[in-house]
Each structure stands twice: as C-alpha cells, then as structure tokens.
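Next come two complexes, and both contain chain A; in the first it sits with chain B, in the second with chain C.
This part shows the complex of A and B:
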C-alpha cells in the first residue's frame, strides 16, 4: 500500500507541476512540452484501460486519436475559428471513433488476441493511407493549418491593467496562449480523471476479471465480448477527444502529428515505462518519455561539451546519437523496473 | 415428486468420430444432491461442460425450468441460475478474495455495468460479499490476492464464489481434489449446507467414496459417455453392472 501511495504522490506532484507550468517554465518550447505531456497522459491512460486493465492489445489507438484531431482540424479549416467547429469536430471524431471501435470490437474481439492486434494494425494503416491520399479533404501529407478559437490567440487579453495592456502576473502575460494551455490542461486532467473513475468502479473490477480469467468471468455471468467491446469504445472515444484537444493546441494537423505509427510506439513505450495496468503510471510514463524526447539531446550536448578533453567520450555523447542513448535508457529501465516505474514500486512494496 | 429444475434430453457430443457423451437423458430436482460417478474418460466433465455452457452439444437439449439453454453462452446460463465450480482452481488470481466474491455478487445485481461510481460506495455489494466470506470463514484473508491463499482456501473460495452467484443449480466438479484430509471436511460441510436448502439442485462429480456416501441422495453412473445406472446410492453401488465397470478400471471406487 505504501508503494501505491508513493506513486500517487509522485503523479500528483507531476500534475501540480503541469498546473503551474506556465508560471514555472516561461519558454515557448517548455510550454509546448508541458502541453504534449498533458495530452499524452490522457492518451496513455485510455490505452492502459485497454492493455493493462482488460488485456486487449490494439495498435489502432493513434487512429482514434487521429479521428478527433482531424475532426477538429477539418471543421476549423472549413468553418473558420470558433467554438462550434471545435465542438462539432470533437463530437464527429468521437462518433466515428465509437462506431469504428464497436464495429472492430464486435467483429473481432472473439478471435485470439494476436489476430485482434493484427486487425487493429490493418485498420490503422488504412486510416493513415486515407488521410495521406484524400488531400482535398485532409491536406494529404502536408496536413492542415488553421486558426484556433479567438480566445486562444496570443493577442487576446484575458486580464488588462489600467492602461488596457495585457496584465503580467508573476511575470506571465495573461494572454490567449495561457488560455490555450489551460484548455489543454483541464481537458486532459478531466479525461485522466474519467479513466481513474472507470478503473475504480464495479466495471473496472469486471475488466480486471476478464484480464485475469476470461472463461471464469463468462462463467459467473459476464458477457466478455460485450464488456470488451464497450471498453474498446470508451478508450477510442477518449483517445479521439485527446486528439481534438491536441489539434486545437497545435493549430496544425497532419499524418505526422495525429496518425503516424511513431505515436503508437510512443504510447506503447509510455505505458511500459509507467507500468501496465497502474493508470497512475500513465502520468509518469508520458512525462518521462516526452522529457527525454525533447531534452535528451540538449543534455547530451552539455555532456559532450563537458567531456571535450576526454578521448572518445564526446564522440559517444554527441547529440546526434540521442536515439541510441534513449534506447539504452529504455533497456536499463525495463531491466530495473520490469513492471514499469509505477508498477514496480507498487508491486514491490505490497509484496513485503 | 417436485418438478425437475434441470433436464438433459438425449444430450450428445461428438469430437470427430469419438462420441464423448451419448444420448444422456436425465432429470435433476430441487432439494436433491446427485453425484455423477464413472471411470476417467467416462464423459462426466464433458457432460458438465454442456450444462454450464463451455461446450455446445452436437445433439440434444439442456433445459432449466423449461427454458432451453442448449445454445446459450455460459454468461447467460449463469444469469439463468446455473452455477459451476471447476475441477482445477479457477479464480481471478491477482484480485483480492473480496473482489473475487464481489464480482459474483455484482454479476447477479447487474452492477457490473456501473462505470463511474467508485466501487467502495457500493456498500450493499461489499456487505453481501462479506456475508459469503464469513460463511466460508475466509473473512480474515479478504484482502489478500486469491493467488496468495493456500490450496485448501482457494478451493473454499471457489465454493464461496459459486454461493455468491446464488444459483438454483450448483455444479461441483471434484470439489476436494488435491485437498488434504484436514481441509476437505470444510468444503464438504459447505456443500452439505447448500443441500439443506430444499430449493437448490446440486450436481457433484466425485471419485472419493467417503464423500459420495456422505452427501449423495442419488447416484448416476456414466460409462463411455452413456448413462448406465441411476438410483439411490445403496442400490447403484451394489449393482453388478457398476461393479463390472469399476473392476475393469483398477478399482477406482475402492
């Protein structure tokens, strides 16, 4: 129990950092990183609901993320900035995600896990190809840029001083950029909270029971296929909503940011780093990987500079080898935290 | 005589050319504990699987209170009141003992579909689950994961899980398998209690003769997938046919 508490406190501390991020980190890139962490926490949490709690392996999570992103992007592009297109995009993305998830689920959740995973992989490939090919509609390979609702424009003044200029609070300008960040933060936090509620509900216990012993869950009266399909739909809709949020934040949507398999790999890495089936691990996993992706290179540049006089070492630490080091870090992490950071901490302490 | 609660009509299953269960017609009544005996490979577990829904018969019917269960999935049969415990311990190993039982309770109440309220707020569910834990003396280990229990307690949990489903038909497949002599009586005591409730129908697959003698109201004998004897314990066990079947099988009933 002590381990769970440590993990929860750590995750809440990360949330607190994200809450005050605009005040703590004022650089544009840092806020970009904070927003990406928020969105990925929601995305990874919804994926953990599938893989960790129910034991469903899906590779279509980016596809659902993409539905929400493209829904908002297309609506904003066609209708111009405003809340109506955001809402319309969110709803249509979520509906498409729900329908396709239900269809895939009912059709193929009866088959063995490996076949289901292959089917989701195929569906995700189709979505990626379609988005790249239907360039008139989706912007093709180049994607789309559009404007977010006026509230989020950097020129928007949330608070003004006596002269009508943007007010500074603790050195932070109360402008639209700040509003956009808090939109991302609140939406992601709500989605994460919803995932926590689900795993803590009676349904959550049923999902764990299905993961543990599918035949027995069926035997005591649960329609396993129906429950699996339902959870697949819930996760898909959540991913889609996270996609909408990210699209509004980036003001750009393309295959790279919303549909590529790189995102799927990131989600998988985050869920493994955080700890499968821990939910709170999503916060830790998403934070760790996003930070590594953005800052490992900088860190290595510093390290290479510091070791400039030592033979060979600066070569190894050269910033362009950052992926190699990310890989090494990942291997070490899996070695020392076989159940992920949160999972290992929770499991170890409870066994004592 | 009371109406049968459970019946099988010409129940048959073939695996390729092999007939595992062959035209078994039998009625089971409330308040009656029927022990199903027979040598290994006689088709006892296969017969059970067709009643509880793990297998779909090639021919024949399973009826419960007149409802045709033959092609229903196991989950629906469970909701129609057919509860089954398994020969090998078949629990949710990483969930706590309490969660195991609560799962069976909430399957009954339909609360398994509630997805937003924390489980802790369903005090009625927990209270019901705790009653079964007390009845089976598992309340002291309620918060341990099922996999941490000793084998004997896991078998008890298996029975508790079945009781929490509140079925009309209780099906036990060798409930004391692998249990030491010290622990087996606890489980048998529980089954005896279930039997006292005259509204319940109990089916039991069992090899151990002392168990059969103690609990059986009626014995049916399966041999090569066919029902070859059916009657009161004394008369079935004394019949020449049954002796022949068992003597040919290294005296399993000894």
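This part shows the complex of A and C:
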C-alpha cells in the first residue's frame, strides 16, 4: 500500500508541476515540452486501459490519435478558426475512431492476441498511407497548418492592466498562449481522470477479472468479447480526443505529428517505463520519456563539456550519441524496474 | 414441473464425443447429486448447462424455458450460478471485488452479506485481502459465497470437497444445507459420504449417459447398485 501511495504522490506532484508550468518554466520550448507531456499522459493512460487492464495489444493507437488530430485540422482548415470546427473535428474524429474500433474489435477480438495485433498494425499502415495519399484533403506528407480559435492567439489579452496592455502575473503574460496551454492541461487532466474513474469503477473490476482469467470471467457470466470491444472503443475515443487537443495546440497536423509509428513506439515505451496496468504510471512514463527526448542531448552536451580534458569520455558523451544513451537508460530501467517504475514500486512494497 | 430438465444433451469436444444423450430432471428445492466415476462427463454436463460448451443436439429447459444455445451471461441472468471445480476465483482481486463481480448490479445486499458471513466467517476476516492469499478451503468458501451473493434459483457446484480438510468439509455441508432451504443445488461429487448426507435426489453418469436416477435414500440403501455404478469397493473409492 505504501508503494502505491508513493506512486500516487509522485504522479500528483508531476501534475502540480504541469499545472504551474507556465509560471515555473517560461521558455517557449519548455512550455512545448509541458504541453506534449500533458497530451501524452492522456494518450498513454488510454493505451494502458487497453493493454494493462484487458491485455489487448494494439498498434493502432496512433491511428485513433490521428483521427482526432486530422478531424480538428481539416475542420479548422476548411472552416477557419473558431470553436465550432474544433468541436466538429473532435466529434467526427471520435465517431470515426469509435466506429472503426468497434468494427476491428468485433471482427477480430475473438482471435488470438497476435492476430489482433497484426490487424491493428495493418489498419494503422492503411491510415498512414491514406493520410499521405489524399493530399487534397489531408495535406499529404506536408500536413496542414491552420489557425487555432482566437482565444489562443498570442495577441489575445486575457487580462489587461490599467493601460489596456497585457497584464503580467509573476512575469507571465496573461495572453492567448497561456490560455492554449491551460486548454491542453485541463483537457488532458480530464481525460486522465476519466481513465482513472473507469479503472476504479465496477467495469474496471470486470476488466481486471478478464485480464486474470478469461475463461473464469465467462464462467460467471461476463461476455469477454463485448467487454474487450467496449474497452477498445473507449480507448480509441480517448486517443482521438487527445489527438484533437494536440492538433489545436500545435496548429499543425501531419503524418509525423499525428500518425507515424514513432508515436506508437513512444506510447509503448511510456507504458512500459511507467508500468503496465498501473494507470498512474502513465504520468511517470510520459514525463520521463518526453524529458529524455528533449533534454538528454543538452545534458550530454554539458557532460561532454565538463569532461573535455578526460580522454575518450567526451567522445562517448557526445550529444550525437544521445539515442544510444537513451537505449542504455531504457535497458537499465527495464532491468531494475521490470514492472515499470510505478508497477515495481507498487508491487514490491505491497508484497512486503 | 421440474426446475431443470435436461433432455438428450450431447457434447463433442474436438473429435471426442464426451456426452451422448444425457437426460435427467432436477426437481425444485434441496440438493440433487450427480455421481459418477472420473471422466464420466459430470463436469462437462455442468458446463454445458451453464452454456460454456455448446450442446448439440439436445435441450435444456430451466423453469420451463429453453436455455441451451444461450450465452453463459444470459443463463447467469436467469438465476443459475456456477461454482467450477477449480473454484474459479480471481486471485489478483480482493475477496470483496470477487463478490462484487458476481452481482448483477455491482452492489450487494447488506443483510444477505451478513448471512454469508455467518456461513463462512473467514470471508469477513479477509474481506479486503487478495483472494489469492486465501487457503484452499477459504477459496472454496469464496467460490460458493460468490454464487449466493444474490438470490439464485439454481446453483451448479462441481466437486466442492476436493482436497479440503474434514473440518472444512463439515462446514461446507452445513452451509449447503442452509443454502438449499431456498435454493436448489445441483451438486457433482465424488465424495460419497458427503453426497449421501446432503442429497435428496440423485443421478449417476457413466460414459456420457445418465444410467440411474432416484432418491438418495434408496441409492444409499442399495449396496449392490452402488458397487455396480460407482465401484465403491474398488480402487477408485473416494475418500
């Protein structure tokens, strides 16, 4: 119990940092990182609902993320900035995600896990190809740039001082950029909270039972396929909504930011780092990986500089080798935290 | 009218024909015991009634309506609970979560829970502990408790005494007696002493067919019949 308390406190502390991020980190890149962490927490949590609570391995999670992103992007591009296109994009993305998830689920959740994984991989590839081929509609490989609702424009004044200029609070300008960040923060926090609620609900208990033993769950009268399909749809819709949020934040949507398999790999790594089936681990996993992706290089540059006089070491620590070090860190992490950071902390302490 | 009526039920598992035309009637109330040697088809019969194997052909009528071909979840909703041989509890979930899973609404009736605690006091002690940490006997108690967490019409119980200590078997017998006052129990059992003490009606399955039905009193008095059908004096004599 103590372990899960530690994990929850750590995760809540990270959420608190994200809440005050615009005040704590005022650099543009840092806010970019904070927003990315927020969106990925929601995305990873929805994937954890899938893989961690039902044992379904899907490679189509980025595809659902992309539906939401492209939904908002296309609507904003065609209709111009405003809340209606955002809403329309979010709803249409979520509906497409739900329909396709239900279709794939009903068709293939009966078959063995490996075939299901392959089918999702195929679907995701088709979506990626379609997005780059239908360039008139999706912007193709180049993607689309568009404007976000006026509220999020940097020129928007949320609060003004006596002279009618943008008010500064603790050195932070109360402008549209801040509103955009809090839109991302609140939307992601709500999605994460929804995932927590599902896991803690009676549905969550049924899912845990199915994960533990499918046949037994059937034996006491639960339709395993129906539950799995339902969860697949819920996870898909959540991913799609996260996609819309990210699209509104970036004001750009393309295959690289919304559909690529790199994102799928990031999600998988985050789930594994945080701990599969822990939900709170999503916060830790997403934060850890995004921070590493953005700052490991800087850190290595500093380290290489500090060891400039030592032979060989600066070569090894050269920022160009950051991926190598990320790989090593990941291997060490899996070795010392076999159930992920949150999973190992929760499991270890509880057994004691 | 009997509560459960099984007619000509056959089950093929892969290329093997396990049941070929099982027929018997379970009257309402009391304990109906299904006896038979290992591999005779007792467990398969229970699983087929519960909808976990598809019986082809044959019919199963429960309270007068056909239930064969329905999904296990629909059969459960009609008021039949199943306690499998391996207990079928979820070791990773708490005792409380295991109980909640067996309710239709996700809530349990407090009064009924008090009654279940009286039958199986250990469950109260371990209520919020993982079920995997329970002893074998406690797991079996949980499995039975789960079946009665809500009022049921019929409970199918598969070899509940297997591997349990005599004191726990006595506890189990007492609990079954109390449960059977308002719920019919279809019990599959190898422990003849236990079956004899509880059963009102009984049937014997042999090679996928019911070869004898009658009252337990008659069967218990007929040593020759017991010997022929269950080879009680042979090497397979149950403990």
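By our rule, the second predicted complex is superposed on the first by the 352 of 352 C-alpha atoms of A that agree within 3 Å, B and C clash if a C-alpha of one lies under 4 Å from a C-alpha of the other, contacts with A are read in each partner's own complex, and residues count from 1 in each chain.
Here is the rule we use: contacts are C-beta pairs under 8 Å (C-beta built on N, C-alpha and C of every residue); 3 or more make two chains touch, one makes a residue touch a chain.
This is a predicted model, so every value here is computed, not measured.
Per the definitions stated earlier, placing chain B and chain C onto a shared chain A by superposition produces a clash between them.
Legend: residue contacts after superposition of the two complexes on their common chain; A:29 is shown touching neither chain B nor chain C. Touch criterion not met for A:110: it reaches neither chain B nor chain C. Put simply, more of the residues of chain A are touched by B, taking chain B and chain C as the two choices.
Once chain A of one complex is fitted onto chain A of the other, the partner contacts of A:223 extend to both chain B and chain C. Of the two partner chains placed by the overlay, only chain B lies in contact with A:198; chain C stays clear of it. Residue contacts after overlaying the shared chain place A:147 against neither chain B nor chain C.
In the superposed pair of complexes, A:213 makes contact with chain B and with chain C alike. Once the two complexes are overlaid on chain A, the chain A residues touched by chain B in the first and by chain C in the second are 202, 205-206, 208-209, 212-213, 216-223.
Note for the complex: chain B touches chain A at residues 52-54, 73-76, 78-79, 83-84, 86, 90-95, 99, 102-104, 106-108, 111-120, 122, 125, 161, 165. Residue ranges of chain C in contact with chain A, taken from their complex: 50, 52, 71-73, 75-77, 81-82, 84, 88-93, 97, 100-102, 106, 146. On chain A, the positions that touch chain C within their shared complex are 202, 205-206, 208-209, 212-213, 216-223.
Those residues of chain A whose C-beta lies close enough to touch chain B in the complex are 194, 197-198, 200-206, 208-209, 212-213, 215-224, 227, 234.
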